[in-house]
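Below are two complexes that have chain A in common, paired first with chain B and then with chain C.
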Partner chain A sequence: MSADFPVALILIFGAALIPPLRGAVRRAYMLLLPLAAFICLLAVPQGMHGQVELLGHNLVLMRVDKLSLLFCYIFLLAALLAVIYALHVEDTLQHVSGLIYAGSALGAVFAGDLLSLFIYWELTAVSSVLLIWARRGEHSAATGMRYVIVQLLSGLFLLAGGLMHWRATGSLEFGQIGLTGTAGALILIAFGIKSAFPFLHNWLMDAYPEATPTGTVFLSAFTTKLGIYALARGFPGTEELIWIGTLMAAFPIFYAVIENDLRRVLAYSMNNQLGFMVVGIGIGSELAINGAVAHAFADILFKGLLFMSMGAVLLRTGTIKGSELGGLYKSMPWTTGFCVVGAASISAFPLFSGFVTKSMIMSAAADEGLLLTWLVLLFASAGVFHHAGIKIPYFAFFSHDSGIRCAEAPRNMLVAMAISAALCIGIGVFPRGLYSLLPFVVDYEPYTASHIVSQLQLLFFSALAFAVLMRTGIYPPELRSVNLDSDWLYRRAAHGFATTFHDTLTKTRAGLAAGIFAHAEAVIGLIDRQRRPGGLLMRSWPTGNMALWVMVMLLAYLLFYYAGNGHA
Partner chain B sequence: MSLALHLPALQVVLPLISAPLAVLLRHGGLAFATVTAAAWTAFACAIGLWLQIGQAEGGVISYAIGNWPPPWGIEYRVDRLASFVLLLVSGMAALVLPWSRASIEREIPRDLHYLYYAMFGLCLTGLLGITITGDAFNIFVFLEISSLSSYVLIALGRDRRALTAAYQYLIMGSIGATFIVIGIGFLYLMTGTLNLADMALRIREVENTRPVLVALAFLTVGISLKLALFPLHQWLPSAYTYAPSAVTAFLAATATKVSVYVLIRFYFTVFGESLVFDKLPLPQIMLWLSLIAMFGASAIAIFQDNLKRLFAYSSVGQVGYITLGLSFDSVNGLTASIVHLFNHGIAKGAIFLLIGGLVIGMAKAGAVPPAPTFDRLAGLAKRMPLTSFGIVIGGLSLIGVPGTVGFVSKWYLIVAALEKDQFWLVGAILLSSLLAVAYVWRFVEVAYFRAPPVGQEARCEAPLALLLPAWLLVIATIWFGLDTSLTVGSALDAAQQMVKSGR
Partner chain C sequence: MTQSSDSKKYWLDSSANVTKLFHGLCAVCLLLIAIDLFLHRHEDFEFVTLFGFHGFYGFFACVALVLTAKQLRRILMRPEDYYDRDDHER
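This part shows the complex of A and B:
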């Protein structure tokens, strides 16, 4: 196949052929699509391919370099895993939209210019929302609507910024953009929405927990990582990103701790992991960029794995509330095991993938002498261990037995989780493989004594605290119905702080919202009255009324003409 | 070849003859064959003219009717813009006519069928004539032909409100036509000629006189009424809603578009840009009216319960984009207008044809099709997957999603706005697309995410004869969204020619 053929189209148009297929043929075909795309990709040399002209602009549909290839590999891998995970689902809508979504994310990664980036950008938004709507409830419909509006808005920012960039520089090429002028700012906002920057992040926590169990696995892989890729491409070394990322890594921790919906906990922890990557991009040194994209690679795998295990729980038990689960390790031993691997990876245990990637970002921050950032990231690492590393598996699978007895996850789900888990461990044990794919040459050794010791110290002290509290009985007996998080440490310290933090925020927001809502209700009421029969919006106008308007317009034109033309 | 030389005349004369023939034949099937044959030949003529324009000197073909040379005789004058509009109008007619055979079966009493075809032929004649003629009074004559026939066509709708709608359109259309003829009268008074090209030369000497300004005002209001520019759009929603489906599709795709053409013709060819855009505050007025249309009409569309009416209001909004492009007074702005005129024509044509198929698919055999109100559309995607999907694609084009024609037009609009450094307008254009998202979403939600009413789950896809032409248009909305060489190429040529002639 020619190098000019956009690989993304294999998935996008390939997905269109799914509906008529049935049963085993469909399943085989869906597995084949990412593999076929991967094989095509192997034949493509690095460089700018697929140049076409649209609307008088030269578009580059296939910019193949190490950065885009890395994201492409992981996107294809994620697509394959998500397809395997979703094989048991009998819902054409989900299959088609999932693959189109993966394909458009792929296309966006290869886009060498802002216009084709925009086109794929919007396509990811439109295709991914179907995964949320596929849950088919009032609630998911509303959530999906909010989600898609935010995503489309991000596209609009990108288009507006891209056009201004084009006006300023005369080129639509998507390279280093930098935070210069309005154009750069608009594009940064667009990327920021996708990467869930603080205050632009709500769609993530809102939408991901509302998708179908399999849909969330798709969602978790592409949208935010596409944002990270775009940032790495357009804004490396932008100092503002360091602070944005630091904030991102820290604040979701508080929310993750008090959240009860375990998939939402994961959404918060995803936001926190994205913070690490954004910091890396902001630092902009070779090590930092390597670390950011490597962490994105690893995050897709372990966060996918965690979402998969939670999806399996949701599928089998019908709930995902931490307070209603517990003791599932008896029923779902395999899922439990895989979840623990994911938890260990996200907590960056040595020999797991998070360790070899996250430590690059930490080291880069230390190299640059960013003490505050480094400390916050350290705190965030401890936080991750607590809410994702312990809380998720503990509440779902251990804790006090909820009495739920269910079947083990379907076999295809287990296969997908097993592959992900194997990869998590594989990357952790043999980091060289991943390192060789990174955009810059890696001269970094994760397994030094000081790295391992400091990381283990961090983890073991957290675990020790947890264990001691459990043992000594200070750990409160469960109050499952009330509390979200029955951890003494959190109840006394972090929880209190988090709650205050949350309350203040909610209050300010509520105050603002009350004002806005009061007005909005008045407007909606007005509109509602007008849309009833006989209202302004529904009325067929009487003819005389129309004729009157004609006269008004004529007079207006005459007046304007005389005024505009002076006294002719 | 002598026939090729007479293409401009044949373009209009063939449909004109087909109409009385249809009446004389007094038979639905024969009338159908006659008018359809005429429409297809007209389409062939339009293609021929379009090809000839490419070679013609200066990109203009002038044809003297009856060999009376202009400016004394009536001149048919085909330039790039005219040829592009001729393509759209005759192409839509060639597509809608075969479609309508199956659709009017259910919507119009059988003994009126031949009259329907006759009226359709006349309407087509009028629209083609307006486009091709180079004579001001001739424009008025053809305008009346097309308008009177379209009143009748609308009144053929089964809903009793069709009659009121047609009557209202009749009154408003007559006022519009009167204004236009008054405007032309003033111009004749001041220049002593009716030939547009001649008039354009002579108007330079008198362009600052009050009668010329009054003529401009009358023409602007008269034509704005015909093209449904806000706030003179009020006849349109009812007319589109209650007319037979085929009529709605044809008029939505062509009638307002031809009116836009007339406006461009008068502004750029006759009055000239320097008068219209530089000396008078017309661009500002048009800009604001367009913005109000884009936002106001789209917002009203969101609240409609009848799908036809919803898309009728959306048409008013989309006309706003076309006039917005005009108000920029630049090659890119005019290109955007012309491209959107074509693009919106095919997208809206597709949507209305699909809605026509939809109501027929929903009706019980032999019964009058019901109005496509939202409560009847629940779960439509299950019952009519192809129809629903087609409407969604048409809707995506209205939103301006990349890959559809709507995106191409919006792109040029945005480029034109950027040229003028009007960044806020870029924002406005993009924001107004969100309103389109909202009304298209209403359809998607009802059709795809609601369960069909109990007892109506069975597949009831519209007949193939209705689906095929509609899907041709749906495919065209994607085709021309990806391959813009024909549409943008023609529009750009036309815009350059227009702007050159206006300076």
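This part shows the complex of A and C:
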């Protein structure tokens, strides 16, 4: 196949052929699509391909370099794993939208110009919301609507910023943009929404836990990592990102500790992991960028694995609330084991993937002497072990026995989890494989005695803290509740404001109308009285009066005329 | 999904075993701290080479995290149907 053919279209148009297929043929076909795209990709040499002339602009549909290839490999891998995970589902809507979503994420990563980036950007929004609506409840309908509005808004920021960037530079090329001027700021907001910057983040915690069990696995892979890719492409070394990322790594973990919905806990911990990546991009050194994109790669696998295990629990028990679960290791031993592998990976235990990727970002921060950032990231590392590494497996599979007995997860789900778990361990044990795919040459050794001991100390003492707090009863229990986050601003405050504004407006209008009516009636009454016999309007007037008034008017006119001329 | 019916006893069901696990964890922690007596560290910041820095930082970071989050509940926690209620009085 020609190198100019956009690989993304294999998934996007390929997905359109799914509906007529049935049974085993459909399943085989869906597995084949990501594999076919991968094989095509292997044949494409690095460089700018798929150049199209549109309205005098040069669009690049296939920019193939190390950065875009890394994200495409992991996106295809994630798509394949998500398809395996969803094989048992009999829902055409989810199959089609899932693959179109994966394909459009792929297209966005290969986009070499801002216009085609924008088109794929919006396509990811529209296709992914279907995975939320596929849950087909009143609640998911509302959540999906909020989600898609935020996502499309991100696209509008990108469009506005892209057009201004084009006006300023005369080029639509999507390369280093930097935070210069309004164009850069608008594009950064667009990317920031997708990467869940603080105060732009809440669509993630709002929407991901509301999708179908399999849909969330698709969602967790693409949108936020597309944001990270775009930041790494357009804003490497932008210092503001260091502080944004530091904040992102820290504040969601407080929410994660008190959140009851375990998939929402994972969404908060995803936000925290994205913070590490944003810090890496903000630092901008070769080690930091390598660390950020390697961590994105690893995160797609281990976060996908954790969402898979929680999706299996939701599928089998019908709930994902920490307050209702517990003791499931007895019913779902395999799922428990895979979840623990995911938990160990996100917590960065030695020999698991997080250890070899996150440490690059930490080292890069230390190299630059960013003490505060380094301390916050270390705090966040302990925190992520606490809420994602311990809390998730503990409340779902251990804790007090909830009495729930259910079947083990379906076989295809177990296969997807097993492959993800194997990859998490594989990356941890043989980091050189992943390192060789990174954009810059890696001169970094994660397995030093010092580093291993530090990390083990950090993690085991965090575990000790959890155990002590649990045994002393200080640890806050899981409670059925929601916690206010920035979505309160538009779900409650803005709604309240709009309601009050509307009420006030209605009342004012009613009051004004009543006043006007009262006055109008008085005037009409007055006129009416003058129309009766003997009234002012019904009287007869002598002709002389009229002649007199005309004369007065003419005199006034003359006066004004001379006064006007006198001035001129 | 069925409610508990099997009477099979698991190792973790016994609280004595859970206590054993806890003691095991404490032992591992002590061991890890003890390594600091022998291992010569190469760290990016000077203070990180202090005895048991990562262990104590991890422990107190988590305790602080949980205690803060617990207090945050007072401000942030609402009933589960908070956003679903029709009346929008605060």
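The rule is simple: the second predicted complex is superposed on the first by the 466 of 568 C-alpha atoms of A that agree within 3 Å, B and C clash if a C-alpha of one lies under 4 Å from a C-alpha of the other, contacts with A are read in each partner's own complex, and residues count from 1 in each chain.
As a working rule, a contact is a pair of C-beta atoms (placed from the backbone, for glycine too) under 8 Å apart; a residue touches a chain by one contact, two chains touch by 3 or more.
Since this is a predicted model, take the numbers as computed values, not measurements.
**Q** Looking at A:R135 after the superposition, I want to know if it touches chain B, chain C, both of them or none. Which is it: first, second, both, neither?
**A** So A:R135 meets neither chain B nor chain C here.
**Q** According to the stated criteria, A:Y557 is in contact with first (chain B), second (chain C), both, or neither; which is it?
**A** The answer is first: A:Y557 touches chain B but not chain C.
**Q** Who touches more of chain A, chain B or chain C?
**A** Counted on chain A, the partner with more touching residues turns out to be C.
**Q** For A:V257, using the defined touch cut-off, is the partner it touches chain B, chain C, both, or neither? Pick first, second, both or neither.
**A** In the superposed model, A:V257 contacts chain C only, not chain B.
**Q** Looking at the overlay, does A:H201 come into contact with chain B only (first), chain C only (second), both, or neither?
**A** In the superposed model, A:H201 contacts neither chain B nor chain C.
**Q** Looking at A:L152, would you say it contacts chain B, chain C, both, or neither? Reply first, second, both or neither.
**A** A:L152 contacts chain B only, not chain C.
**Q** How about chain C: which of its residues touch chain A in the complex?
**A** Those in contact with chain A are residues 1-6, 8, 10, 12-13, 22, 25-26, 28-29, 32-33, 35-36, 39, 41-45, 48, 52-63, 65-70, 72-73, 75-80, 82-84, 88, 90.
**Q** In the complex, go through chain B and note every residue touching chain A.
**A** Chain B residues touching chain A: 164-165, 167-168, 171-172, 175-176, 179, 208-210, 213-214, 216-218, 220-221, 224-225, 231-232, 234-235, 237-238, 279-282, 285, 300, 303-304, 401-403, 408, 411-412, 414-415, 418, 423, 426-427, 430, 434, 437, 441, 445, 449, 484, 488.
**Q** If you look only at chain A, which of its residues touch chain C in the complex?
**A** Residues in contact with chain C: 139, 253-255, 257-258, 316-318, 329-330, 363, 366-367, 371, 374, 378-379, 382-383, 386, 398, 401, 403-406, 448-450, 453-469, 471, 474-476, 479-485, 491-492, 495-496, 499.
**Q** Applying the document's contact rule, which stretches of chain A touch chain B when the two form their complex?
**A** Contact set of chain A toward chain B: 54-55, 118-119, 122-123, 126, 133, 136, 141, 145, 149, 152, 156, 159-160, 163-164, 167, 527, 530-531, 537-538, 540-541, 543, 545-547, 549-550, 553-554, 556-558, 560-565, 568.
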